[in-house]
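Note that subunit A is present in both complexes that follow, paired respectively with subunit B and with subunit C.
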Partner chain A sequence: MSKAVGAERFSTDIAPPGCLWAGARRAGVPHARVVAVHTREARALPGVVAVLTGADVPGANLQGIVHKDQPVLVTDTVRHAGDAVALVLAESREALAGALSLIRTELVPLPGVFDPEQALAPGAPLVHSGREGGNLLAHALVEKGDAPSAFAGCDVVVEGRFETPMQEHAFLEPPNGTARMTRDGGIEMTASTQAPFRDRFEIGHALGLNPMRVRVRAPYLGGGFGGKDGATVQCLLALAALHGGGRWVKMCWSRGETFLAGYKRHAARVRVRLGASRQGTLQALDCAMLFDSGPYAHLAVEIMALAMEHAGGPYLIPHTRIEGSCAYTNNPVGGAFRGFGVAQASFAVERAMDSLAQRLGMDPAELRLKNALRPGDLNCAGVPMESPAGAAECLEAVMAHPAWKERDAWKAQAPACKRRGVGIAASFNAMGYGRGLPDAAAAKLELTKGGTFRVFNSVPDMGQGNAAAFALMAAEALNQETAAIEVVQPDTRLCLPAGSSSASRTTYTFGNALLKACGAMREKLKARAALFLLADEPDRLAIRPGAVVDEATGRSVSLSQIGSMLQRDDRICIDQFVMPVVENPPDTGKEFRLGFPHRMYSHGACVCAVEADELTGQVELVRCVTAVECGRVFDSLGVERQVQGAAAQGAGFALLEDLHVEEGLIRADGLDRYLIPTALDLPPLECVSVEGDEPTGPHGLKGMGEVGVHGPAPAVAQALEDAVGLVARRLPVNPQEVLEAMGGEKP
Partner chain B sequence: MNADVRCPGSLAELWPLLEDGFAVMAGGTDLLARRGAPGRVACLERIAGLQGIREEEGLLRMGACETHSRLLRHPLTASGLPVLARALSVLGSPLVRNMGTIGGNIVTASPAGDTLPPLYALDAVVELASRQGTRRVPLDGFILGPGRTALGEGEIVSAVLARIPAAGEVQHFEKVGRRKALAISVVSLAAVLRLDGSGTVASARLALGSVGPTVLRCPRAEAMLTGRRLDRETLLAVGETLREEISPIDDLRATAAYRRTVAGNLPLRLAV
Partner chain C sequence: MSGMVTLTFTLNGAPVRIETSPGRRVVDLIREDLGLTAVKEGCGSGECGACAVLVDGVARLSCLMLAAQLEGREVVTAEGLGTIDDPHPIQAAFAAAGAVQCGYCTPGMTVAVAELLARNPSPQRHEAREAISGNLCRCTGYVKIVDAVMDAAQAMGKETK
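Now for the complex of A and B:
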């Protein structure tokens, strides 16, 4: 409600009176040797407090969640146009802008590498000179069975090369925060971040500070989608705060800076060979994926791991060989984005399924259903699917939907100058961090003196609604009205450690910890109430809204009475949860130390109906139906909204979003040129929930923030093939290709 | 940077500001979106003389500061100039239409300006006002190139006057954009055709947007259409001629080749 009425304070809303302003000067060129950064003129400008360069950064001056290779301020080499070369602190935004424009850089351009394949070719310019392995950041192999031999036994083999582009998160609230140095030389910060607990270590490492003296608060985010999973403003802001003399410093990226310096979904190239029997039973998959990491590792290796784990789609394929590489380039920095590698893999494997269906003369839905992973089956990475595994149920649900069932009639009614087509796709998406990185959360729950409850949420709510889900969970578990539950947003001093808001994990992991804390609270309330009610069997007491009641005697004690009698320590319950991992991990993917493989997956299927215009090639998405299996549904509205948001991003990925990166520079560098779908470009985004039940989940649920993003791109591609015969292998599909597929002008 | 924004209530109050070098703003949806907006701005919206929509000697006179929304809602536009109404309905977004003005759209002089192809096809005339008085110039002579107009020193656009087609004339507008709102047109076509009783084109006016440095009239295609019927064969030939008359460019939104193809296809929407 606070969000609906505009009362919620986001990080951008915080501007302490008299705060300083900080901003970075960006390189603007994709690859260069830094000769000098001249700051004298900028420093001399009235209102400028400090101008810092790489030489002023204490500590390692390196950021990176897993692989630390990204400088806070570059010292010797610029590796992409968004690299920060200097940091300015000023009394006002005007002085900041003036100083940033007065910084003179002496950069000697270096030959850049802008194509991941060329980056791996011998003699390619090196993004990190002297690095063993050159531009190859990582290479890995995932295998099951014996794919090379299995192809010989396949009746039909299809092959294709697919490309997916970088994608901008386009969250409404830009990266921003405020920070100041505390009296003891620590840092306190409020930032728009998906990972406040990790930020402390990121800042601590980069700047040589004790991470435990860094306090990070994360209010509600105005969107994140993965783009705030990792340092954006954090290290720059902390560095600025170190020079702010204890004053608050605010940094807020412009939209242009967000395009320039923010993370993007990794562009990927995927080669797929898929073999099946004449009856359409999948037998072998050979897949090679190449990711464009940009100049820094960030999460490229982990994203590649997830892509490889999902390269076979939600299908049973006995023999697989999946090879992955990621390459350094001088392009924008690749990073997390809803679907984390799976979006790239999904498009490729689903398109291969389409071409297989065509070769076999099979219905694309039937082919998918026939091969859908069932409980107990091993997925393409050799992980057994645990109950529930709802790929088949999701497919059945969308196949029963009129959008699919009545497609022939709908297509036949196409108006003049329009051609219609319908496509279907299935997907799955792992939940949590995967093996090697404990996916943990600790929850703190407090009974207030007033008899209400305070949940100390540790995982940011970037708009996905986990905070609301936590309030609802606690209210149910404690048998209270939701109004009696207050959710404190993440603050590393007040809340207990948890992982990031990412990987479709928040409600599952923190929710489990919270439910355990609620269980402890119930026991505590009964035990303490027993003293008031003289009930020597606390178990017979019942918790009611605002009170604990002894049904046997009819007496009750209010929660406010209990709360006011207890010391604070005693009013708090704490518990934690660590997500279970695959017990017997398959003997493959050994290159991955972190995040491979996963034990639980959510499932999805999607039907898209499109109308293509014969005169213009414009494509209208007319229907989009997504079914998801995400364990038991706890909050159906929450699930529906997540699916809608994800489907909208998937639709943008399919048809619109194009950064036009040329020689490392983004040409569509603002929301005026980088087009995301508006409400008018989207049909009603329908959501069908397939009921599952995840035994380890809170209320049986699984995470589902990501699974809905995968369907639209392949389903739209198939629908376009159905409508106009275009075999889309590259995203986004543009009207010119559609028009050309129809033969240019109508004959 | 403290912007100096003035809102004169009359033309008399405006002239000294123009002499002082104030930039003129009428809606501001283009001006404010530009990186590096001017620091000194004179807003025209409160000048009563720049408002109003009325018929005048067979022409529809639209005050330069009429917003797109108001024009769209006005019965004289809706009933008399559906070709313009259609363009207004797909211009920008509802928010842009509430702010932006027809005068602003003209002076921005973008080849993608959505109101321009209809105005070209309606032989619109712009009325220019200055301290010295007013003068009228044809729209296609007023717009010289992207962002360039024949606006003189100390002069503003005060109104635009468009011919009101006779009842029964065919009016058609289509904008091809990359999405349905807040998208700059890739190609647009406005057509105003007078047919005789037998369905033969007696006169044709075609104007295309986003396929040249300004909105373009296509006289050869118009001539070709005249005396013919709106059948498919004719329209294909007209489309071919249109393609020869335009000079589109490649940009982020589309290639020149795509624009050329689509420009030639759009007349087919008129096929009967």
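Now for the complex of A and C:
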């Protein structure tokens, strides 16, 4: 309710009285040598407290989640237009803006590289000069069976090249935070972040501080979707705080700055060859993917790993050869975005399935169903699908839906000047970090003196509702009303360490830790109550809302009585959970140290119905039905909400969202030109959930934040092929192409 | 200070008298000077609707308004619609329908819906969609929001009977 009435305080709503304002001056050019950054005039402006440049950064001056190659403030080279060249601290936002405009930069432009293929060509300008390996950030191979020879035995082989663009998260709350230096020279910070526990180390490393002296708090986020996974304001803000003399400093990116400097979904190019028997049984896949990392590694290698693990879609393909590369360019920085590489892979393989269906004269849904991964099958990366694996069930669910079943009748009723088509797609999405690092969370649970419970949540809630799910879980596990459960939002001082809010992992990982802590709490409550009730068999006691009851004697003791009698240490229960990993990892993908492969996957399928306007080429998404299998459904409203939100972002990816990056510069750098779906652009997004049961999950559930994002793009593409014969190979589909496709038929 | 003006207007029913520079954006005036943080800033350029407030009953984007434009007006923010303990039926419907995910767009949405329902107490779904089409939400796909609008319209209809 606090969010519904606007009473919830987001990071951006925190403005300690008298706080300073910090802001970065961005390079504005994609590639340049820094000759000088002149700050004298800016410093002289009244109200300016400090103007800092790269030379003022203590520590490594490098940030990056896995690979540290991104400076906090650039010193010698600008590598993309959003690089920060200076940082200003001022008494007011007006003074800040004034100072930022007075900073003069002397930059010598360098030839840039704006295309990942060209980046890998011999003689291409280097993004990191002198780097061994040049612009090739990473290259990897995933193989199963013997794809090259298997193609010889295929009756039908299709081939295609596909492109997906960068995508902007467009969360509504811009990156922001507030920080100050503590007396001991540490930092305390509140930020809109998906990974407060990791931020401490990022800041510590970049600025040469003891990470344990950095305290980060993460209130509810106004959206994240991966775009707040990794440092946005954190290191700059901490640096500013070091110069704030103990005063609070606030930094809030404008929308334009968010476009310029924020992370994007990686643009990708994917070449696919897919072979099958005449009956439509998949035999072989050969796939090469190339990702545009932008100038810094950030999460490109890990995203590429996940893309490769999903390159074959949720299908059984005996022989695969999947090659991945990612290249440095002077484009905006690529990063995590809901679907983490899978969205790109999914579009390509689903489109290849469409052309295969056409070549075979098969129904695209039947072809998918025939090849869907079943429990025990090995996916394209050689990972066994544990039960349940609901790929087939999801497909069956959407195939049974009227949107698919009655498509012929619906298409036949197309109004004048409109053409209709319907498409189907399937997807899957791994959950968790995968091998190479522990996907862990520790939960702390406190019985308050008043007899209620406090859950110390360690993983931020960016809107997916995990905090509410935790309250629900704890209430159920402790047999209390949900009103008796308070969820404390992440604070690295109060809560125990956990990984980030990402990879569809939060409810599963922290949820499991929390359920264990609740178990310990139940034991404790009974043991302590036994003292009050003089019951020598604590097991016969029962926990009821607000009390522990001895059924045998009818006596009871209230939780507030227990709470008020215990020392704080004794009122706390702690437990942890580490996500299991694949036991016998396949002998492939050796290049990946982290994040390959995964043990659990959620599944999805999607049907989209579109209507194309013959006069304008405009495409209207008329229906979108998504089925997901994400283990057991604990909170069906929660599942529906995640599916609808994901489908909306998928629909934007399919039809609208285009940053127009030219020569490293984003042309659509505001919400006026970068269009995300409004309420008028989306149909009612229908959701069908398929029950599964993940034996290791809390209440049998798996993660499901991401799987719903993949369906709309390929399903819309297929629907358009159905409607107007357009063979869409790149996103977003634009009206011009649609018009041309229709023109070809009707001169 | 020179260049300052004294403004008087009502904010959520209470009279406000404040000295400010006439060029100050209303969103800053309300959030920073008056401390009402339900008004959110998402874009600062009139595209997202997060900063919407009711000015004389009409939903307006406070990031595009200057303080001087408030003189003599009646301003209502999401805080003025209702509170946690006494939510407006629209806010209650948003919470019940699951129309709130991250919640950042919500105050602006509910303000837009308040204007709609004042104008049209029993809207069709497409009218609800139209009314909120100036408010971006990146989390929900709008389905539950439209559900909430319909529920709120019903609840408010009953109340007035």
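To be clear about the criterion, the second predicted complex is superposed on the first by the 743 of 747 C-alpha atoms of A that agree within 3 Å, B and C clash if a C-alpha of one lies under 4 Å from a C-alpha of the other, contacts with A are read in each partner's own complex, and residues count from 1 in each chain.
Operating definition for what follows: a residue touches a chain if its C-beta (ideal position, glycine included) is under 8 Å from a C-beta of that chain, and two chains touch if they have at least 3 such contacts.
Bear in mind that the values here come from a model prediction, so they are computed numbers and not experimental data.
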Subunit B versus subunit C as contact partner of A:Ala7, first or second or both or neither: second
Which of subunit B and subunit C A:Leu680 touches, first, second, both or neither: both
Touched partner set for A:Asp672, first subunit B, second subunit C, both or neither: both
Which of subunit B and subunit C A:Gly463 touches, first, second, both or neither: second
Touching partner for A:Ala527 - first (subunit B), second (subunit C), both, neither: neither
Which superposed partner A:Ala648 touches (first subunit B, second subunit C, both, neither): second
Contacts of A:Val727 with subunit B and subunit C, given as first, second, both or neither: neither
Touching partner for A:Gln618 - first (subunit B), second (subunit C), both, neither: first
Subunit B versus subunit C as contact partner of A:Gln736, first or second or both or neither: first
Partner contacting more residues of subunit A (subunit B vs subunit C): C
Doubly contacted residues of subunit A, that is, touched by subunit B and again by subunit C: 672, 677-680
In the complex, subunit B residues that touch subunit A: 1, 33, 93, 176, 178-183, 187, 236, 239, 252, 254-255, 257-258, 261-262, 264-266, 268-269
Residues of subunit C defined as touching subunit A within the complex: 31-32, 37-45, 47-48, 50, 77-79, 81-84, 87-88, 91-92, 94-95, 98-107, 110, 128-130, 132-146
Contact footprint of subunit B on subunit A as seen in their complex: 94, 417, 614-618, 656, 658, 660, 667-668, 672-673, 675, 677-681, 735-736, 739, 744-746
Subunit A to subunit C touching residues, read off their complex: 1-10, 12-13, 15, 169-174, 220-225, 254-255, 462-465, 637-638, 640-641, 644-645, 647-649, 670-672, 676-680, 682, 684-685
